[in-house]
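After this come two complexes, each holding chain A, first together with chain B and then together with chain C.
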Partner chain A sequence: MIKNALFILSLTLVVVACSSDDSTPEEENNDSFDRQALLVNWADNIIVPSYTAFTTETNNLVSATNSFTENPTVETLQQVRLTWIEASLAFQHVSMFEIGKAEALNYRNRINVYPTNTSEIDGLIADGNYDFSLPSTIDAQGFPAMDYLINGLASSDEEIVAFYTTNENAENYKAYLNTLAETISTLTETVLNDWNNGYRDTFVNNTSSSASGSVDKLANDYVFYYEKALRAGKVGIPAGVFSNEPLPEKVEAFYKEDISKQLALEALQATQDFFEGKKFGGTSKGESFKSYLAYLNTIKNGENLGNLITAQFETSKSKLEGLNTNFSLQIENDNSKMLTAYNELQRNVILLKVDMLQAMDISVDYVDADGD
Partner chain B sequence: MSTTLKTYFTKQTQAAPLAVFRVFFGVMMFASIIRFWVNGWIEKLYISPKFHFSYYGFEWVHPLGNFTYILFAICAISALLVAVGFKYRVAIITFFLSFTYIELMDKTTYLNHYYFISCVSFLMIFLPANSYFSFDAKNLKKASFYVPNWTIDSIKLMLAVVYLYAGLAKLNSDWLLKAMPLKIWLPSKYDIPFLGNLMQQEWVHYAFSWSGALYDLAIPFLLVFRRTRWFAFIVVIIFHVLTRVLFPIGMFPYIMIVSALIFFDASVHHKILQFISKIFRINKAEIDSQIKTVFFQKKKNISKTIIAFFLLVQLIFPWRYLAYPGELFWTEEGYRFSWRVMLMEKAGYAQFKVKDSVSGKQFYVDNSDFLNTFQEKQMSFQPDFILEYAHYLGEHFAAQGHENLEVYVESYVALNGRLSQPFIDPTVNLLQEKESFKHKSWILKFNDDIKGL
Partner chain C sequence: MKKLFYPAIIMSLVLASCSSDDEAGDVQQDIDVPSNYVFERGGETTVQYPGQTTRLQMTAELTGSFKSFDTATEESLLNMFAHVEGANDFENTALNASGKNIKSKTAASADYFSANVAESAEIKADFESFISQQVNEVFPNENTTAEAGVAGQVADGTRVRYVTGKGLELNQAFAKGMMGALLADQMLNNYLSTAVLDEASNREDNDNLVLDGDNNYTTMEHKWDEAYGYLYGDPSVPTANPNSVLNESEDHLLFNYLGVVDGDDDFSGLAQTVFDAFKTGRAAIVAGDYELRDEQVAIIKEGVSTIIAVRAVHYLQAGKESIVAGNVEGSFHALSEGFGFLYSLRFTNNPNTGTPYVSPSEIDTFKTQLLEGNGFWDVTPETLDTISETIATAFNFTVEQAAN
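For the complex of A and B:
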């Protein structure tokens, strides 16, 4: 009898085990780190305000572009240029959040793939027929394409303006430039609207510890952004780290020439602020990767990883600050300084990707195979 | 051979436990293969990657393109045939070969569970698991109520080895004194119902570490003794259910739970078989009455010798790490195939530098050009993966026309929550190094000390 009872008990336990896959998160408790507070700080104090600010800049960019194409003069061109710089800088604050709608839209690539493909752009303008939602046009749109059209068509502003006035394809040039600005603006508004209309709650409430949980996903996006877009894209690739020769033509904002350092510094500051949970446009700090690491360290009693990462951000910043405003020139004149800056940026890849993700028990670009 | 040993080998016992083991093993394997297939892992792990990591000596084993699906189909069908005991010997050999081939295709997917399955299926080739409650046993000449005692004991011993060695491996300072890696793993399970809050408590990490080690070391003995058997079985279920809830370990907990049934008396197994018979409308009593052979007909074969040798190897093999200098967790020389299950948390980062030794020109490799994220992850902290990949890169770039090639790696590894530190000597041209069973001197020294086994 007892044996039978035990046997049934065992069977029940097995059944429970089999059906316990889809566990729903329980309400938050006081002892553990409050992931919801982390997500709320990210969403409400950093991500949404960053997108909101960027949307304003993209709207300015569209109106400046429209004014220019209605009345192409050196003055209106310079106005486009100013708004383009402001928008490019603001973009550095949202580029790392490739999650939700942004992920679905392939947002970062639509806005900022460089080097831009000038021959393709020339071809599309001559043709007058293009669809920026096609993957093939990914390197013919966004800020880099605008860079080419407002900075790179000719050496003097007068000559550039001529493309929009006396050139036989002037109308096509205008249309292309307008479409570029409008596409940037539309894409950004789509992402921001999604955050404002439901996604914020989805994001904040997805406190699951699984790979599909918001913290895991954004941590992966963040590390990916830092490694690929910031470290490699802005510094490593043009410095020739991944090729036989340096590739100075692959710097960001190549045609504008003198803002590649400013953009890199802006991006680095944005990633550091996000790491530390600093409110967008403010100084107060909320829950963050850093505070999460501090919490985990109270359990682990190991090295203070958060401080190490912050210190490394500072070192990287100081190395970047020592470079020429134009990375292209820096690479041609003294690439070793560029490589030094790269090495400092690289150190944080290891601290973020290996040490931080291990401490948080987050799998890198999770593959859902079984573990041991 | 001593007389006690001789008498031991003549001892016979009921075949029912072996039959139940065969049925459950076959069904579990069938389910595992189907699950693997349905999850899309055949495509993701074996077909889409450009490059596969081979085991030393098994470089000739490759995925078979789309035929890989056929291989899995063969494996699944043979598992079913094992379950029903139809053409058992052919079926279990086919299963062992196809399953083991699959595991050898890419060591990225190495799991102790898979090795366990290869071991058990190898063992089963030599066991008369089809002599009862099987299609083969419809031929009454082949049917038998009884099998030699040692056939069942060999499976018990195999299971005992798995648990014992898993337990011994936990007797180290990281596991017992630092509660690592559970201190990393458990807090991240904050959203598990009821337990999420507990998972944050330091004492829970220690309690889990110690009871885990104790469980592994004690459970074989608790299962062997009749008085503690039911208690042990309940503990087996609780333990494996808990691991299932906490960690992504697939089918393994269920396989271990049903495997532990082998320790029970035949009466329990007859009940299980009766239960199965009811579902499939088999008249067990009638079949039983037809079987005339009471004693297992002993054919002259070498099964005993092979199994004895195999189990001896099982006992010795996990100790091979002692032949290597350095910290086992760091170098992983002798780490695999030793029942070191869920034992450490290791993560790495490896950046490969391809250099022209004459011109001095160099560039770094983007690993995502060649490896999927799972492969890159596994590669980044295992020296043999790093070496194999370096050679692959060498061949790749040589084929592209690069000359005077040298391949270096800058790598960092974090082990059990320690701060990451350099892993492989960045000044060593890996193309000059060959894979072998010798110690890899180009692994940098681990700058900490983990005491214990």
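For the complex of A and C:
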């Protein structure tokens, strides 16, 4: 941003000085890093495999949900719950890739807006008539809505099952739960199919180092995800960083209670792996933000910026690991530890959003909304 | 950001050194300018602006009611706009008892509209059409996904926006347009106008301490305070020291955006500059120094006009960024705010000319360009840049300074 501003300023001066010269230089940086190799590693070794794995989990989720609604018992409920946890974990590996079809579908918000709106869900179930493509239903669908329906309706499994058996709206409950799982699955397949049917090539061939280039766009999506969905959504907002009081009811998977830490750690690991270019499900590493930084030889505080960011990921991880498995309890019992973890996560916002993007001459393409 | 700041500083140094020579410089020493906006006579305050607070509250409640899908009607919203004393138009019963309303002060300033009633009527009709369209076009499509030409919902991140078939959020057009058509127009072009401040025997009365009926103020003092009230009149903003709640008040109108613009390094200090001018001008009236008063009027006109211009460019650029990033629907909220501020630009006042910084006909052209065809669904980044550049140039800032 600064560089662009200076660039425009100096350009203006030049134009003023000699307005007859109409050759406007392209707004591209001049490093010759192999952006295509980077995009190929991202697409073929990380993004598409992550979506493929997640698609398997969402199919399992649909199967388990169908089995439960055909035969609602405590056992089949518990099976839904297991597949829901597995799918929720796998989702942490794709949530950061809000680009292409995912962006067009508002994918992350369709899958994982929390806290979920329980009164809206109750109303839609009673009504029996809903359209999850309507933006106003994003807080009544996805994993958090499923969390409410399989974990939050009552305190015992028997009582939860009763909503799907003896409740006067049991058929509507079953239909709603099935539609939730199927919508998650359908959306995911749509995104994966798009990658597998042309978008992959579009993505890796868009090597431009302008705002519309794949590297610039995904870098923004990645940093946005890290800042908003991970740092703020999973930790900062429930810890009360953005409000007057802590909001422990705003943790992820609130009704399941004991996986909020697990989900945050999974997301953090996924973002670190992506930063380092680690192959999905493997250990080998390819071209990445980190190798790009090494190529640019970016030094901050006397150290390689990429190494600093990796170290900060590790520090953040250790702070998260020290928290209660249930972030709600952590916030209620000792929020200071939650805030400490937040602070460590925040340090990497600076390193990624300011230092890394500047080093790569990538402009931040999002601004904080002013909230009205 | 830091680097950008240097030219700004250098520029202001240059300007300061240019202008320091031709000022008397010692005028202010004769005037007692208080540190807070506190003016008293006989131990009682002389500052009052309840009518302004009422109208700001009416505007806020009416804007909020744009999304009362289940309870609002075209009639109920139009009645809030043109409230009649005693009618139960508002939740806030104090507003119902008031004989004041929004409509009569919309595009109704002495300088711009006293001899221009046709345009005034058109502007009032525009705001009424925002209300009517909301009820007749958007309300029926509450549960429809919007498309080009079809009103309904669009997603904006985790938020839902309700837009017309052109992508315009009418509550944004209304609220941001009101900042010009009601607030800035009344403030800059009416109460700070010489025609109003010096009307009839105001100067003589002010010089001779002839008070306004039973009130504790002279008419000129009160006119000035009414201007003040349009900026600082929200009940959550303290009269004496409004900037103490800058960016923390419950105001959603000009004072809120004064804080936002002041928070941008490129424009920091604006809130203090405007407040100091209000204070100094008021003290000048008490002292009978009308030359000093009018110098402050010029500062306020430029400062308040700048709030509107910076936000117009800011939101048009934010919308452009979203479009360039491939998220067309995600641009609608910002473009709607930008449209509202663009509308408000017509009510700005360049103290050097006594007219808006951008000509009304040019503003009309821009509004047409934004909304022609399918409106925001197909407005181009080039159009948004052209409009932004024109506004920024007229105000002597850069698009970049307003955008970031």
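Just so it is clear, the second predicted complex is superposed on the first by the 328 of 372 C-alpha atoms of A that agree within 3 Å, B and C clash if a C-alpha of one lies under 4 Å from a C-alpha of the other, contacts with A are read in each partner's own complex, and residues count from 1 in each chain.
Rule of thumb we're sticking to: contacts are C-beta pairs under 8 Å (C-beta built on N, C-alpha and C of every residue); 3 or more make two chains touch, one makes a residue touch a chain.
Quick caveat, the model's predicted, so the values are computed rather than measured.
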Item checked: Residue contacts on chain A - larger count, chain B or chain C -> B
Next item on the list: State whether A:358 touches chain B only (first), chain C only (second), both chains, or neither.
Entry: first
Check: Between chain B (first) and chain C (second), which does A:207 come into contact with in this model arrangement: first, second, both, or neither?
Finding: first
Check: Thinking of the overlay built on chain A, is A:138 touched by chain B (first), by chain C (second), by both, or by neither?
Finding: second
Notebook entry, point to check: Looking at the overlay, what does A:126 touch: chain B (first), chain C (second), both, or neither?
Noted result: neither
Margin query: Taking the superposition on A as described, I'd like to know which of chain B and chain C A:240 touches: first, second, both or neither.
Written below: first
Check: So, A:154: does it touch chain B (first), chain C (second), both, or neither?
Finding: neither
Notebook entry, point to check: What is the shared patch of chain A, the residues that chain B and chain C both contact?
Noted result: 2, 6, 9, 365-367, 369-370, 372
Next item on the list: Provide the residue numbers of chain B that touch chain A in the complex, in ascending order.
Entry: 39, 41, 44-45, 109, 111-113, 183-185, 187-194, 196-197, 199-202, 205, 230, 233-234, 237-238, 240-241, 244-245, 247-254, 257, 268, 341-343, 345, 347-349, 351, 356, 361-366, 372-374, 376-377, 412-414, 417-420
Next item on the list: Please give the residue numbers of chain C that touch chain A in the complex, ascending.
Entry: 1-4, 7, 143-145, 153-161, 252, 260, 318, 321, 324-327, 333, 398, 400, 404
Next item on the list: Name, in rising order, each residue of chain A that touches chain B in their complex.
Entry: 2-3, 6-7, 9-10, 13-14, 16-18, 20, 23-26, 29, 31-33, 35, 207-209, 213, 236, 240-245, 296, 299-300, 302-303, 305, 308, 346, 349-351, 353-355, 357-372
Notebook entry, point to check: Which residues of chain A touch chain C in their complex?
Noted result: 1-2, 4-6, 8-9, 103-104, 106, 109, 113, 131, 133-136, 138-139, 211-212, 217, 220, 365-367, 369-370, 372
